[in-house]
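A, B, C and D are the chain letters, set down in written order, and residue numbers restart from 1 in every chain.
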Amino acid sequence: MVNRFVSRGLSTVRRMVSGKDSAELSPRLLDKIRTQLTDCVEGLGGEVSARQRAVRLAQTYLQLDDEGRHGFLRLIALEFGPDPQQVARAHEAYQSAIGTPGQWDAEAGLRMAMRSRRIRILTQFNAIPQGVKFLVDMRVDLLRFLRHDKELQALDRELENRLSAWFDIGFLELQRITWNSPAALLEKLVEYEAVHEIRSWQDLKNRLDSDRRCYAFFHPRMPAEPLIFVEVALIDELAESVQGLLDEHAPVFDAGKADTAIFYSISNTQVGLRGVSFGNFLLKRVIEDLQRDLPKLRHFATLSPIPQLRSWVRQNPQAVADNFLPGDFKKLARVGIDNLDAPALQAVLAGQATWAANEELSLALKEPLTRIAARYLLEARSKDKPYDPVARFHLGNGARVERLNWLGDTSEKGFDQSWGLMVNYLYDPDAIERNVETFAREQKVAASSAIRKQARR
Amino acid sequence: MVNRFVSRGLSTVRRMVSGKDSAELSPRLLDKIRTQLTDCVEGLGGEVSARQRAVRLAQTYLQLDDEGRHGFLRLIALEFGPDPQQVARAHEAYQSAIGTPGQWDAEAGLRMAMRSRRIRILTQFNAIPQGVKFLVDMRVDLLRFLRHDKELQALDRELENRLSAWFDIGFLELQRITWNSPAALLEKLVEYEAVHEIRSWQDLKNRLDSDRRCYAFFHPRMPAEPLIFVEVALIDELAESVQGLLDEHAPVFDAGKADTAIFYSISNTQVGLRGVSFGNFLLKRVIEDLQRDLPKLRHFATLSPIPQLRSWVRQNPQAVADNFLPGDFKKLARVGIDNLDAPALQAVLAGQATWAANEELSLALKEPLTRIAARYLLEARSKDKPYDPVARFHLGNGARVERLNWLGDTSEKGFDQSWGLMVNYLYDPDAIERNVETFAREQKVAASSAIRKQARR
Amino acid sequence: MVNRFVSRGLSTVRRMVSGKDSAELSPRLLDKIRTQLTDCVEGLGGEVSARQRAVRLAQTYLQLDDEGRHGFLRLIALEFGPDPQQVARAHEAYQSAIGTPGQWDAEAGLRMAMRSRRIRILTQFNAIPQGVKFLVDMRVDLLRFLRHDKELQALDRELENRLSAWFDIGFLELQRITWNSPAALLEKLVEYEAVHEIRSWQDLKNRLDSDRRCYAFFHPRMPAEPLIFVEVALIDELAESVQGLLDEHAPVFDAGKADTAIFYSISNTQVGLRGVSFGNFLLKRVIEDLQRDLPKLRHFATLSPIPQLRSWVRQNPQAVADNFLPGDFKKLARVGIDNLDAPALQAVLAGQATWAANEELSLALKEPLTRIAARYLLEARSKDKPYDPVARFHLGNGARVERLNWLGDTSEKGFDQSWGLMVNYLYDPDAIERNVETFAREQKVAASSAIRKQARR
Amino acid sequence: MVNRFVSRGLSTVRRMVSGKDSAELSPRLLDKIRTQLTDCVEGLGGEVSARQRAVRLAQTYLQLDDEGRHGFLRLIALEFGPDPQQVARAHEAYQSAIGTPGQWDAEAGLRMAMRSRRIRILTQFNAIPQGVKFLVDMRVDLLRFLRHDKELQALDRELENRLSAWFDIGFLELQRITWNSPAALLEKLVEYEAVHEIRSWQDLKNRLDSDRRCYAFFHPRMPAEPLIFVEVALIDELAESVQGLLDEHAPVFDAGKADTAIFYSISNTQVGLRGVSFGNFLLKRVIEDLQRDLPKLRHFATLSPIPQLRSWVRQNPQAVADNFLPGDFKKLARVGIDNLDAPALQAVLAGQATWAANEELSLALKEPLTRIAARYLLEARSKDKPYDPVARFHLGNGARVERLNWLGDTSEKGFDQSWGLMVNYLYDPDAIERNVETFAREQKVAASSAIRKQARR
């Protein structure tokens, strides 16, 4: 049922755009669109006809080039807003009714006056096949244009509000994704994976093996599109290296014996849903599902990158100087590096990964760089919040900083972001709620005593 | 999947209410609720915690007696609205930004100021099992209280808006209901059928036989609750009597040979969705599905009651006098009735059904009463719209008045509403769009020439 | 998918038979059938054509009256068997090849010679819509005719063998049936329930409530037909009365707290599958499923009728005399009954249920009648096996006789069968295998010490 | 539901074999197996226990090395057959009962005596998870051993018979396979494709695009295993080149406009089902489904290899000499080849594909080689049937030889089999039945007049 619908929807949309090359937005076309939009808003001929006009409008939109689409959206944004005079009248009525029995009617009246015709237009796209996806994709355009055109702001807010209502967490379905899922869906994982690239179908199959889990949230109207997904490894200790987790030749672990679930990759997929959050619900629901399915699981943790560590260090060079202690210099001296300006050390700090193979050098650097990372995670701030975006996400969800892993990600990207360091955030089911509240109130970073110790000089 | 979910949800809700007897709303409890609502709104502790508070609030609500629930809803309505001063400031900023680049930001700002905390509270109920149903049912309460307490108006409007977004036609699924549908679902049809009562499971089975169709709209989050459903009979001519259609002993017609689909019953089920309309989409989608499935079908029509005919006649007694013509009186004279005041005729007009068995009397009355009905359908108005609510619905959807059926519904209800007269509204797929537009523009009643002729004296 | 298929199949079959009235088997028709069967067997034109001929044959069969069907089946039985001369040749080749390398080829050859053309005919019915059900129903006819016509024996055995292969336990699916199951399926439960009649949809709904379970085996090709089903009550002690279990007004028990599952009704539905057994697998699989779902369950037992108790007593009148002890007579004397021939006692023993309301009489009879029942269950034999068919079934599946329940079934049927006595057979998961083996080897009846004690005088 | 079952079954089987290395069949183990088999056959302890023993036997079997498995199967074949003396007695009783009323009982008796205990053993494997697949795979072993050990013949026949009953066409489900099918299933297509290798997931996706169809038969107990599948291309003329069909960069054709469906690959997947045929039903059912789905389709044809053409020519060298006509030699002379022994021509005939790029040479060879192919298809015989196995399959299913395609398959395999020639077999829905019957009766090859003309010199 679902599949037929999806494929029908997809082919409709594909046919929509494939007919012609993308078109420019001539004044004549602009006029035609204006007329279509007006018809659409006035809703003459009943809702059914109005929706049919929405289909034609969507086709027009999809055939436009980028400039044309920008013009189309500006037209909706600027010409279909509320009427300021009507708003003024409704506002006056509202204010003078405050405290009287008429207040509540007046409030509804003001809200009605504020309701723009834009949202009536946008809503009608929802009835075309894959209309929700159409709107989510349209918002991708909108966000792009918004960077340089602040006049789209009101439209974007209205669209975001409507999408927030539609993508309310209560409507989402958590689904487990396995090697038995549709290939068309698995293909999307490959496309959307944002943390650790999926290199091949074999790599993907390995990530769906019996000692792995993959979960995603879906919306009933976008059944073929995961909204956010998390990849989980089931093992018997905290994972310390992502290359270890992704090794296709590693033996399969018996999931029934695992005591630890590692969330090693979380990817949002829909740029057009910016501002609509579901990550925190995802982890909560996945933990519940795993506990039910595998009662031996005790620990739930991530193996996460520290994406901003080195960019923060570049902006705070003193951090390096502060955290290399005499003992560290002694070890460095043993590998022939005398001071902070030594080329070898500079090469490390500037990010060339070649030193990783030099075991002695690596050992000498482990302590001071780990110390820098620990202090960064515990102390670095941006507008009173943790500087690191991944830390912000997990701490906000109730995790604590548990452990730093030296050489946790030996990929080029890993070295570029954080000298290969990775971090485990631990989700202790019994502490999540408390951590969330403490963090919300005081923005205080929860951390293990080991991390606290490492952060001390 | 669905079933497990449903049953889990149901049992949760059932457990919610079964714990205690319904409670009064003591000042202490009111204070507690106020605190819960405030916590809920402030959202301290992340969305996950906030939703958990919503569950507790829902439990509290369900355990309250009617007065308590009224108090609970008033509390939300009156204390969690927007802040008038903040609105005033945002409005001033908006008005003074008109025509400047800041207009669109200011518009978004005013809208934000208008967004009440009420909707934040209501939304969170959506995350509990069967939360959508909970809100729909809460609105049933709200509509009831609203009759005497206009201060709930603003809250009701906000809830209606949110439900409209959630029950957007694009989210609904059309499903065919058959004797193979879950008994728990069929039970709901029995409960909700509003036009022609379903008397037994055997009656229901007859309505789902191979020469019948039943379709309903469902929402993905209320999978066990039909929102609106239509019952269809497949025959080879316009149906003229509902008792004929519902006769359990009538032979089964070969659906593949039918050229006419009769929509003989349409029932909305959710009082709490008042103001959210999907009836017109339902018929459009059902006609499409029937055409695909049974390509021999040519005619799509209803067999509808005329619920307000006699109540309108009571308010317009002249209508009777005007439409009994000399010829009619002659026929009446033959059965011994001399004038409009004759007891026998008065008995008919006052609704005692006993005359139906009197064939001669019935024949004598057929013409004048049919004439009254035809004129009523074509001419009676309420606020410029057709007086009859069923006529309003079908004409608004693009149907035309096709035929009146004498003794179409010989049930007591049938005589009480319209002296047993029923009407066929015809949906001509080629004329629907045109009819909708004409009706929307001119409120003109589309009708067959036969009906027009009957309406003439 | 399934549903559409099923309804298509059903309507095909219905159309098959509804076309004409049932026909007689004229010599001309017999000849036509003979030709059809021959064509069918020779398989000219490929398997596809052969199957099409099977459809026509099935139609012919369904239109015949009983005598005609008998003739049809005789024709298959007598004219399409193996060729005795060919069998003789193959047998000779087989016997002379014994001990030589050619033995195994010769064995296959003899088996081939024995393979009758009958089975080729029957098999081809399998390809028509609902063909499997057609064959199962045809066997119902066959078993009926077989009672008086032993010449159908060989055909029946071949059909039974084929059905055994098709209904191998490995192909069956255990499904839980709930109030969310299709009405068309639930209707079948009402029809097939053989132990305690289902009186209404309300009664049925009560049997599917949250403190009940219902399981059935299904075959993939008969998805709408339960093959065998069991009804289970979840309670917190051994059930002692079936009227208690079936009381629609009894409060719902919290299934999560139940420690006992009572199998209070097991019904085979397909007479045509006689000789193909799946009852023992059903209970085993249901116990597994219940243990997984409700880990607090400790006891699994039946509440069973004792259908042959009184008919056995009628044939063994001495059993009464032997088991009324002096103490029993004393109690009887107190209610005015002096000896075994007293009319009141005779009325009891002859089955008029009126005495049940007489509490004193009931108490006086409880001990001697229970003693008779205990001895009957432990000792009464038919061909070395327990006399009672229900006892045979459960003891063969590894249960033990656990407890007798006085006034366990106060229905008329209950009194007629066993003076209202019912019995619990207990399935102790740890003892089942041992009991099965002991019973298979020694036909020894496993029983609780309480029962053993009751059986002693 | 299905998926959980499948994965559970798979993991059970995997766990079975992964425990130990494959083991030898020591005399001690042989004795143990004999005991297990005997227990299994005697069925002591009820069917449930017997099935549990089957699981242990299956585990033993899977852990054996090849020699051990051979020994295991011999043991079943030789020691658990029927008892010749019992057979002799039953046969005597049967023969002497011929013509008497006891004949039919005696026939059943002989059949019972012939029923070996082997089949009882095999049947019980059906109850283990994936038991059917286990038996199909066991037959793969059996067929392998049978090549050198004819004493396994009787066992193989009994297994084949049982598999034929279980895989009766009536039990199979036709399913369409799309890019939305489970990846685990699509992976099987890649593995099993026997005609034109699937090179990558991208190649596979291309074969499932909107202008393609793929159908397979499935058995309810092997839901993850296609039994046979066919790949279809939807185009608007007879396909002449398989490379054209498989070109991933070719534009997608609008399936709704296609008038021709090309079956370009049919693969049986289960070696263990040899002798159980479903290919003819597959094409019939696929044609029906395509006609329903795409009413514009008029032509149904294959694009098939001619696998034995060149091997037949090697055995019939005269065919070459006969079919090179004077006109052909003239053309060859123009490209410098004077006689049949010229090295260039020999190179062609011996199969080096290099000449294909030589357009003139290719043109000169087209006519004579096509003529050879036409005559081969029309006239070459093996045991009175067409020599070519693919021709035998399609002609037997009711197709006719329609057209030969020069350079239809330019792969190495294509040249090796048939100098790159391919053939279209045409399935004319109106002629299929007639063709099947004619072919079955007379083994006459149906062919287009074009082909008949090409076959003439």
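Just so it is clear, a contact is a pair of C-beta atoms (placed from the backbone, for glycine too) under 8 Å apart; a residue touches a chain by one contact, two chains touch by 3 or more.
Fair warning: this is a prediction, and the values are worked out from it, not measured in the lab.
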Most distant chain from subunit A, judged by the mean position of its C-alpha atoms: C
Centre-of-Cα separation between subunit D and subunit C, whole angstrom: 41
Distance between chain centroids, defined by C-alpha means - subunit B, subunit D (Å): 59
Distance between the centres, which are taken as Cα means, of subunit D and subunit A, whole angstrom: 49
Residues of subunit A engaged with two or more neighbouring chains: none
Topology of the chain contact graph, where touching chains are joined (line, ring, star, complete, other): ring
Touching residues on subunit B, where the partner in the complex is subunit A: 44-49, 51, 77, 81-82, 84, 87-88, 91, 94-95, 98, 101, 103-105, 107-108, 110-112, 114, 123, 126-128, 131-132, 150-155, 157-158, 162, 165-166, 168-171, 220-221, 277, 280-281, 284, 396-398, 432-433, 436-437, 440-441
Subunit B to subunit C touching residues, read off their complex: 3, 6-7, 11, 178-186, 201, 205, 210, 224
